[in-house]
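Per-chain residue numbering starts at 1, and chain names A, B, C, D and E are given in the order in which the chains are listed.
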Amino acid sequence: MIRTLFVLLVLLVLAAAATSVIPHLKMRTELDGAGLEYARRGLEDTGSINLVTAVIVAYRGLDTLGEVVVLFSAATSVMLILSLFPLGRGPTDPSFIVAHTARVLPAPIMLLAVYFTTHSHLSPGGGFPGGTIMASAFLLVMLGSSSTPAGSKILPALEALSGTTFGLLGLWGTMTLGQFLNNRVIGIGNPGYLVSAGIIPLVSLAIGVKVASEFSGIFAAFRKSGGNR
Amino acid sequence: MTRLLVSVILTSLGALVYGLLLGGVSRVITASIHGRIGPRLTQNFIDLWKLFRKESSIHHGTMFWMAPMFRLTGGIGVLLLVPIIAGNSVLTNMSFSGDLLLVLYFMFFGCLGMALGAGDSGHPYAVVAVSRGLLQMSAYELSFSAAVLVLALGLGTFSIENIVSAQQGGILNWNVFRFPFATAAALITFLPMNMTYPFNIVLAPQEIPIGPPTEYSSRFLSFMFSGRAIFGVAKLILFVNLFFGGAGSWSSLLIKTFLLYMYPLFVSPVFPRFRTEQSVRFLWFVPTSLVAVDLLRVIL
Amino acid sequence: MVTALAVFLPLLGAFLTAWLTHRNERLSLLITRLFLLAGLAAILVIAARLGAVTDGGLENTMILRTGVMTPPLSIDLKVTGWSALAAVVVYVGALLGVGRFSGRIPGTQPLLLTLVTTSLGLMFATDFFNSFVFIEIGSIITIGLTAAGRCRRRWEVALKTAMISGLVTILYLLAVVIVYRTTGELRLTAISTMTGFPAILVSGLLLTVIMTEIKAFPLSGWGLDFYQGVDKNFAAVYSSTWSLAVLLWSARMLTVLPLPDPGVLARIGAGGLVLGQLAGLRQRDPGRMMGYSTSAYASILLILAGTVHGADYLSLTLLFFTFASLSKTTVFLMADPEEEDDPWKKVSGYVLLLPLLCITGIPPFPVFWAKIRMLTVLADISPLLMGAVILGLFFESVYIYRLWSSRTGPWQKKRKYFDAAFMGAALLAAGTVWTAAGAEQGLSLSGELFRAGFVRDLFLAIFAGGTLLSLPGAFRGGPGEKSPAVWMLVSGVALTLLPLSGNGLTFYVLWEISAFAAVIGVSKGARPSEGTFWFAVFAGAAGYLLLASLVLSDGAVSSPGIPMLLVAAAALLKMGQGGAHLWNVRAYSTAPSTMAAFLSGTSSKAAVFLLVFSASAAAILPLGTSLAWIGALTALGMAAMASLESDYKKVLAYASVSQLGYVIMGIGLTSVLGWTAAIYHTFNHFLFKSILFLGAAGVIARTGTSDYDSLGGLVKRMPLTFTFTLISVIAFAGVPPLSGFGSKWLLYNALVEQGMLPLALVAMFASVVAFLYAFRLLYAVFLGQLAPRHYEVKEAPLAVLAPQGVFTAVLMALSFRPTLLLDRLVPAVASIAGLGGEIPVIEGTALSTSLGYWDAWSVGMMVMGVFGFAFVFYWISGRRPIHVGQLDIGFAGELPPSPEEVHYAGDFFRPFRRALAFLPEIHASKVFGGIVKTADLAGDVFRSLFTGDARTYLLHSLIILTVMILWMKGGTP
Amino acid sequence: MNVFYWTVAGTASGLIIVGLWGVLTRKNILRIGLAFTIADTGVNLLLVWSGYLPGRTTPILNGDVPAAEAVSAVVDPLPQALVLTSIVIGVAVAALFVVVAVLASRRLGTADIRRMKELKW
Amino acid sequence: MNPSLASALAVFLGGMMLAASVVVLFVRDLLSAIIITGMISLSASVLFLLMDATDVAITEASIGAVLATLIFLWGKGKMGGRE
């Protein structure tokens, strides 16, 4: 109890000390700095209507590569750890409702995921939510079957393929334009169309597949070492 | 060179005779104090001769063998390094080779040799005596050398000759008056130096036959006795030189040394014997404190 | 393109192996290695192109653009010569470790490869948020690989690491918010333009993040737990990849932090160094020691960031961290992760020696150059800061030493150890050559650091002669000992070069080499642990004091004032004076006997040399009389201790310290006579102590014991050894006619001349007490009863006997003709400026001062004459005595029971002990034990911060953050 | 609009503080994980908040917002991009954290963090 | 959206989230804590929407709210009743 209060006190003192920063964080009414530049020239530079995607995939593509690597490392670690230290108790038979839901739902979910992934430069969404939703479709499939689904065998290959694609797309930019992950290695086309914004859709797809395979891998690993009780 | 050699031999022989004689006197006097008849005055000469002539003789090893030579060399060496009569160029002997410091350190020569001999004998009592003797020596040397150093600092010299000549011109120039406390301390150390009561635990006649030379007999012992007699005389002369104005003539030398030799006889029987650690502590503190008084006088 | 390849090749490899590793582990490992090699090649090309190996190339830059447009819109990766070299280390470390770690645990290659890319990315990152992403990847992989590692406590470590990284995430993102809102962009360089409170807040947040990530005290708790609990083979990879990357990234971050006063960093670092290393002092767990060492380097980074700038900063950070990382990797590679409690249990100390020396910064290893440069800079800023840093480094070296010394495993010809050791050694050697060649301050063996002349040559002769003559006996160790010959030779050569050193740095380097070689030599003894430890500690302390003096006096060994005091303290420690004898006694008694002879006879003279020349260069000796008093009291106290001691080698050790006390006394007088006495006695001591210890070596080699109670009567079996010992004993006791008296005579003359009678008295008393142990030594070992088990003992081996003979011959020559030495010594000393007092006059064989005179030749002749006469007289005056055995004694008619019982050697001077009983018992061991205990207690206070509860560590970070913000806020209007 | 602006800021800061409070005081490691998630949510809110401008729209330049007027019509896209990354990172770390926590509690037989301090001092 | 409505919604949601977060720390049942954390994430995604961050809202809803909750639920299941 004393510890709880003491910690709270420390945190409050810290917060109080930090309050002096408030005057420096007043609400902006005009864009400035990098944000201003993105808004002004983002479309022109990248051909992506969605400026967030423009930032994520084109301008700061390296961050996104890093993000993918974060996921990759976490998933690899989780799979590694769970394969080294299995928790016992494999998959259990799915209940009736789950089994049926799992047969119906994956297809529409997959559709949504593909839309998110491929239209990242046009509308909200993008590779990450897209990939996650793909993974949830996989999760459903997995929950619906008592054995590990056949798809999980190709997961590592999919993972390697998408990751390598991402990396090679990046190096393509370095080779041709001297700039890693530049999306303009092919023409940026007409903004607003599906095939536009250079390699952004491709990268998004790679990201989506990568994210999906990583999360699916995690799910598979979880599942392998015992389902949700 | 020849003169020096003759002088050396004569001085040594003279000191031997004088030393044995003094020993005889002391035995006679002690006996009369005790109310005994006691030995004859010449008993020491007889003993020495007897030992020297004894046929059977054993030794325990090289160091045992060499120890009496060490002892003798130590005694004669000290004697030779001390100028015997001030101003007598012959009787200064070898004193040109070194000053008071040399004499002080050379006094260890004989002790060390004897201790080694005792050690080599393998007799535990001999070694016990050595242990005690060394400890007591370490104690009295502290205050004795303190007294000597005070003289040296006060008179600005380590040379015995210079110390003697600084005391000329009247009895009040004697160091005994100029440095009374240092002299007193030195006189106290004179007792353990000669291993008389109360500092005779080294010899401890009741427990250990004769101290370190327990295992010695015959000719070896005669050498040791000779060494010890000569060493005693050398010490007397040294004291006289240092504290009592030196000796300007044979007569003053004999009188002064004789009186100095007699002094323990009248002091020591009064005291009981100290245990080793008691004597060590006594010698560390009492005479040294005395010297400290003179030391402060000299420094201030 | 090459840059992109260098960075991203491992990542591609990771994607590939993630797939492969499920199918073919061996192929996967091969691919891993191939990708790493390719990446290494790429980064080597870059490093070459940037000209990074030459000194100026560290700042050359190569940009890898990513995304569209340029920063601040997009993200750059910037490779400098500096980071390229570090990247090389990352690759090398990964290559070294990947086989070992992933070979044991399948499926880890993708993570290791990703870690390499991430490390490079972080080192090259120029964007604030980009760095964050890399940090997250690094943390995740660290957690994952920790959890995958084969060690019992992996879960705890992984969980703690995860919690720390969670906190770091939050703090970092808060900083991102503030940076972006106030500067409008996310380049790292933008941070430095911030002002006002946001600057303070961001500095606080980032400093906390950095200190936590680099494990700087007091935020090092998790790092300590990490290194203790983690799989050591992973730690090997981690040290030179992620850990290095974070350090170098932090090094760049610290320079852009908008701190009101960068000096704060130095103070935080120095404080952390002292307190953190103090906490590490009592550390026993080897893994945790490595953690503490890491924390020391983290503090060093803070110090550097606060004090050093520009090219210096680059080269220093690079030197410190790359080589420390590499060394750490090498150390961890040799660990056996299956041994949980002590992973280095079976490792030979030889294998660990090189990397550990490099970590501690012993010359000539690269870290040393960085260290001395850093200290030089610090000395200009604040000597106090420098002192703190030196203290901290000293603490570090103590536990690193402990880490090394407990490695008793034999040299195993396991390939596993071999390749690690070999590669480590090769890399370190390359680094050494590189730094030594480029080192700003070159080493030089020609120059006038020490005034050439007789005194210098005399010391040269002592060092060279002592080494040569101690060496033969060292080739075969005594019972239970290993041969210290190699180390003695190394130490001796360094010593011999000492007087020739052309500058202070050279001197220090040689001094340290000599010291650590001696430490290793000592560790070859029969029961080395404690003695070697104390020797190492004191030698280390002396070395660091010397280092401080060197740095403060700008290239000379010393200069007037504080540096001279430091040098004096170092010399006193080295000579065991003033209570520091603890090490001498313990080291001499446990070292191989010949090593002890070398240390006491030869090596200790280095301190005299140092003191003499420093004092003469500085023209004055501070302390003066107090120094003399220290010497006098040491001489007395140690003589008493020697008398009461019953171990042959310990007695000699006490005696050695006691005798050196006279030297200190003489030097402290700062008069011609005093210095003549000191140097004369130094030479004397060199002779007789070498003889004594070599004699002891012979005795111990033959009997296998150094206990007085078990020895005795050996004169019958080892007459030559006895003769030599006897002569040297007479010499050191100062009994005329042997050479020791000369020292005494000169010394008393000097003392009385200066009017220092009390001092003279103490000296006199000490020399009388010396008789006690002198006799006891001769008696207990050589005289008295010979124990039956020693009946068959042979004379000492020729290898120790012959050198004794040589020493004795010189000693005898010096005894009878001291003028051989004094003829040259007196004028040489008289010509030293700053020495007062009269100059002794030499006429023929006689020496005289205004006080007295001494003619060694005629004394010698007299003694020889009288002794010869007595001898001859005895010989001719009667029959030869019959030789009988030692047991044939007058024993009150009884048969003596047995030689052992009759031999009276134990507690020989019991009355002396009784007489001393009134003194309070002040044992040096107790005093130093007290110091150690105090340090331990203080260390425990700081150690107790690290409760092991991860939440506590997080709380530390938050408290530090709060304190820093409040502090900086208060500091600026 | 200021009310909205500062409410979000307050909520975000509150979540961070409560989250850290939980991290530092809860004993169950899974709950500590939850507390981290809460603090992360707070941080993400704060990030998006820092790119918020009143009366503007999502930075998607479709028909509603002409590209030429983007500068005065959309909110700052950069913080949003950063938050996307941050969310993914958060969940990745959470997944790893949970796995480690599960294994730790299984191997050590407890989920109490106070009993996971074999390594200390 | 009407600014004042947005403000009101923000105040309401914010208050709920803060209250919920404290509940997460102190509620006895871990399952409830996990569900409530998921709710907080969902509320956050509403706030993201209010701040014109559609992408973020979608991502937070799918990843932060659903995925994280699933993971924690799995974790709770695996940990069993160990407290």
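In the analysis below, contacts are C-beta pairs under 8 Å (C-beta built on N, C-alpha and C of every residue); 3 or more make two chains touch, one makes a residue touch a chain.
Everything numeric in this text was worked out from a predicted model, so none of it was measured.
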{"item": "Both-way neighbours, i.e. chains that touch chain E and touch chain D", "value": "A"}
{"item": "Third chains touching both chain D and chain A", "value": "C, E"}
{"item": "Among all chain pairs, the one with the most C-beta contacts", "value": "B-C"}
{"item": "Mean-CA-position distance for chain B and chain A (Å)", "value": "105"}
{"item": "Centroid spacing, where centroids are CA-atom means, of chain A and chain C in whole angstrom", "value": "53"}
{"item": "Computed distance of Cα centres, chain D from chain C, in Å", "value": "49"}
{"item": "Centroid distance [mean C-alpha coordinates] between chain E and chain C, Å", "value": "58"}
{"item": "Residues of chain A whose C-beta touches two or more other chains", "value": "7, 11, 25, 34-36, 38, 50, 52, 60, 63, 66-67, 70, 73-74, 77-78, 81, 87, 124, 126, 128, 218"}
{"item": "Residue list for chain B, restricted to those that touch at least two other chains", "value": "none"}
{"item": "For chain D, residues that touch 2 or more chains besides their own", "value": "1, 19-21, 24-25, 44, 50-52, 54, 58-60, 74, 78-80, 82, 84-85, 87-90, 92-93, 95-96, 99-103, 106-107"}
{"item": "Those chain pairs that satisfy the touch definition", "value": "A-C, A-D, A-E, B-C, C-D, D-E"}
{"item": "Complex contacts: residues of chain B adjacent to chain C", "value": "52-53, 55-63, 65-66, 68-70, 72-73, 76-77, 80-81, 94, 96-102, 105-106, 108-109, 111-112, 115-116, 119-124, 127-128, 130-132, 134-135, 137-139, 141-142, 145-146, 149-150, 152-153, 156-159, 209, 214-215, 218-220, 223, 275-277, 280-281, 284, 295, 298-299"}
{"item": "Chain D-touching residues of chain C, taken from the complex the two chains share", "value": "129, 133, 136, 139-140, 143-144, 147, 153, 155-160, 162-163, 165-167, 169-170, 173-174, 176-177, 180-181, 186, 224-225, 228-229, 943-944, 946-951, 954-955, 958"}
{"item": "In the complex, chain E residues that touch chain D", "value": "3, 6-7, 10-11, 13-14, 17-18, 21-22, 24-25, 30, 33-34, 37, 40-41, 44, 47-48, 50-56, 59-60, 63-64, 67-68, 71-72, 74-76, 78-79, 82-83"}
{"item": "List of chain D residues in touch with chain E within their complex", "value": "1, 3-4, 7-8, 10-11, 14-15, 18-19, 21-22, 25-28, 30-31, 33-35, 37-38, 41, 44-45, 48-49, 51-52, 54-60, 74-75, 80, 83-84, 87-88, 90-91, 94-95, 98-99, 101-102, 105-106, 109-112"}
{"item": "Complex interface listing, chain E residues touching chain A", "value": "54-59, 62-63, 66-67, 71, 73-74, 77-78"}
